[in-house]
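The first chain written gets the first letter, and so on, giving A, B, C and D; residue counts start at 1 in each chain.
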Amino acid sequence: MELQVHPRIGVMGPSQCSARGSQLAREVGLLIARAGGILICGGGSGVMEAAAAGAKEAGGITVGILPGTSAFGTHPHIDIPIVTGMGNARNVINVLTSQAIVAIQGAYGTLSEIALALKCGTPVVALETWQVIPPEGGAEPEIIPARTPEEAVSSALAAIRNRQP
Amino acid sequence: MELQVHPRIGVMGPSQCSARGSQLAREVGLLIARAGGILICGGGSGVMEAAAAGAKEAGGITVGILPGTSAFGTHPHIDIPIVTGMGNARNVINVLTSQAIVAIQGAYGTLSEIALALKCGTPVVALETWQVIPPEGGAEPEIIPARTPEEAVSSALAAIRNRQP
Amino acid sequence: MELQVHPRIGVMGPSQCSARGSQLAREVGLLIARAGGILICGGGSGVMEAAAAGAKEAGGITVGILPGTSAFGTHPHIDIPIVTGMGNARNVINVLTSQAIVAIQGAYGTLSEIALALKCGTPVVALETWQVIPPEGGAEPEIIPARTPEEAVSSALAAIRNRQP
Amino acid sequence: MELQVHPRIGVMGPSQCSARGSQLAREVGLLIARAGGILICGGGSGVMEAAAAGAKEAGGITVGILPGTSAFGTHPHIDIPIVTGMGNARNVINVLTSQAIVAIQGAYGTLSEIALALKCGTPVVALETWQVIPPEGGAEPEIIPARTPEEAVSSALAAIRNRQP
């Protein structure tokens, strides 16, 4: 197993989400795993848990980058908990570790991950998430819109291929 | 001097800005210092430098929370450089250290600071900056709009008073 | 595969090491993998690379928690690169993510990881590494000495078992 | 006031200390302030509080780099609280922000700050604190011993002068 060659795709979304958000996340996670990708997420509930559950359904590997100081109590769909003890600063690690992210729905944490990914140069795929409008004179951010989980994952994979090395 | 009782107001904005952005930032910095506030910023150029210069013009105190591993080369309007060595993760420290932030214009870093401030519960005042539209069903973020530097600083001060202790 | 139930053992050591250090690290990595453990390290060269190579020899899984802002150029014995962009602050993540660490030889980074592990309550096994002497009146730190890679890994595993949950 | 030109000296020590530790820290803080220095510390109790109190006695300026997510409840000897929300990772910020540190007594956090300062190239002055013995073949760390607060502060100032680019 040479895991490093597998694409690392982040799924970013809120710890509380609608049934639809959960369904979208599960499908995105499943498709990432089927494509041979490693799922990166924040390790929490809601969108994060649904995406990890989807990835495990398809036999994938899941990484949860946790804000707290212990992995104790992390849900069982996370294979590899990374314990940061850094609260929201772990959002930066999420988007640096992911080679592309898919943002699904989302509260403020997700908005910060979209912004940090744009800042760090990590491609962002948007699935029913925040819209951001730059200040006057500012360039439109390069966010890749997706209408379905299939489109989201294939766009993320394409963005990773285009970025290499 | 009991500095801790002085309000800490962050000015968040891009390292490259228009003449207008620079002018707005300088005035915001000046008004923060006149109100007895401590200016918090990222310690860089552009909006950050203009705000710090404005605060120093009025005899204020300025803190620059730096992304790099050295304070060497920091512009002279920063009194107290905080050297984090953490890159964009220092944006979290900016918004936790500030008791309110004023966002002026902005690129992706500023957008991340708006999002992180909302996440952390730090009041956000918007002066010609990003607009953010939540996903369907999401609550409108509580961002305080301002049309002028005066309005921005008085709103920030009011938000701090309302938050205490 | 339920990776989360596998023990996560960190191997901490310098990026430049002697032939002996490299040999010790390789054996420790191999034994961690044979015991079904996940190897956590800083993702660099020297002791970190030798330990990861040893773990891969035995078919294990390796995680490298990187100080820089990109995984590009990481050596091939790291399966899962975690990109922190936080420089030495990633040492805290190393010791929080590991359920026990084995420190081998070491320069200042390794000394910081021993200290941070003690601070965070992560058991520390010492294999030909730093010795630390507390200030007068201070309690002796609970560092577990090991003479061989076998002893080091079995002590780390025992410490993890004793800690749970 | 051009604060940036004032030396920034960190005082690192435990949150619980003996009467002697407290006395040493108070004198070190006082001497830093008398020398025109800015005191950097972790913002907690024990050695940190005593050093800050000493600095304020002499009219100095004090910065507390806090591990938690709020400045609320910080003791009044801290002028400028920096709120990191990063737990022990703030120790890295302590030693990067300080141009030299004085370590007094100490528990594991202090040991980590000694190690991180050595790693980052920040000069370390030791006043009744940890001793560290490198692994066989390793170079002796360049720690500056001090017997008194006077010696500690004058050594820190000398180290800063010698470092300047």
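Throughout what follows, contacts are C-beta pairs under 8 Å (C-beta built on N, C-alpha and C of every residue); 3 or more make two chains touch, one makes a residue touch a chain.
All of these numbers come straight from a predicted model, not from anything done at the bench.
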item: Homomeric contact chain A-chain B: same or different residue positions, threshold half; value: same
item: Chain centre separation in whole Å, for chain B relative to chain A (CA means); value: 28
item: Geometric centre distance via CA averages, chain D-chain A, whole Å; value: 39
item: Where chain C touches two or more other chains, by residue; value: 69, 85-89, 92-93, 120
item: Topology of the chain contact graph, where touching chains are joined (line, ring, star, complete, other); value: complete
item: Chain C to chain B touching residues, read off their complex; value: 69, 85-89
item: Residues of chain D touching chain B in the complex; value: 1-4, 8, 38, 59, 61, 63, 65, 69-72, 74, 76, 78-86, 92-93, 96-97, 120, 165
item: Chain C-touching residues of chain D, taken from the complex the two chains share; value: 18, 86-89, 91-93, 105-109, 111-112, 114-116, 118-120, 128-138, 141
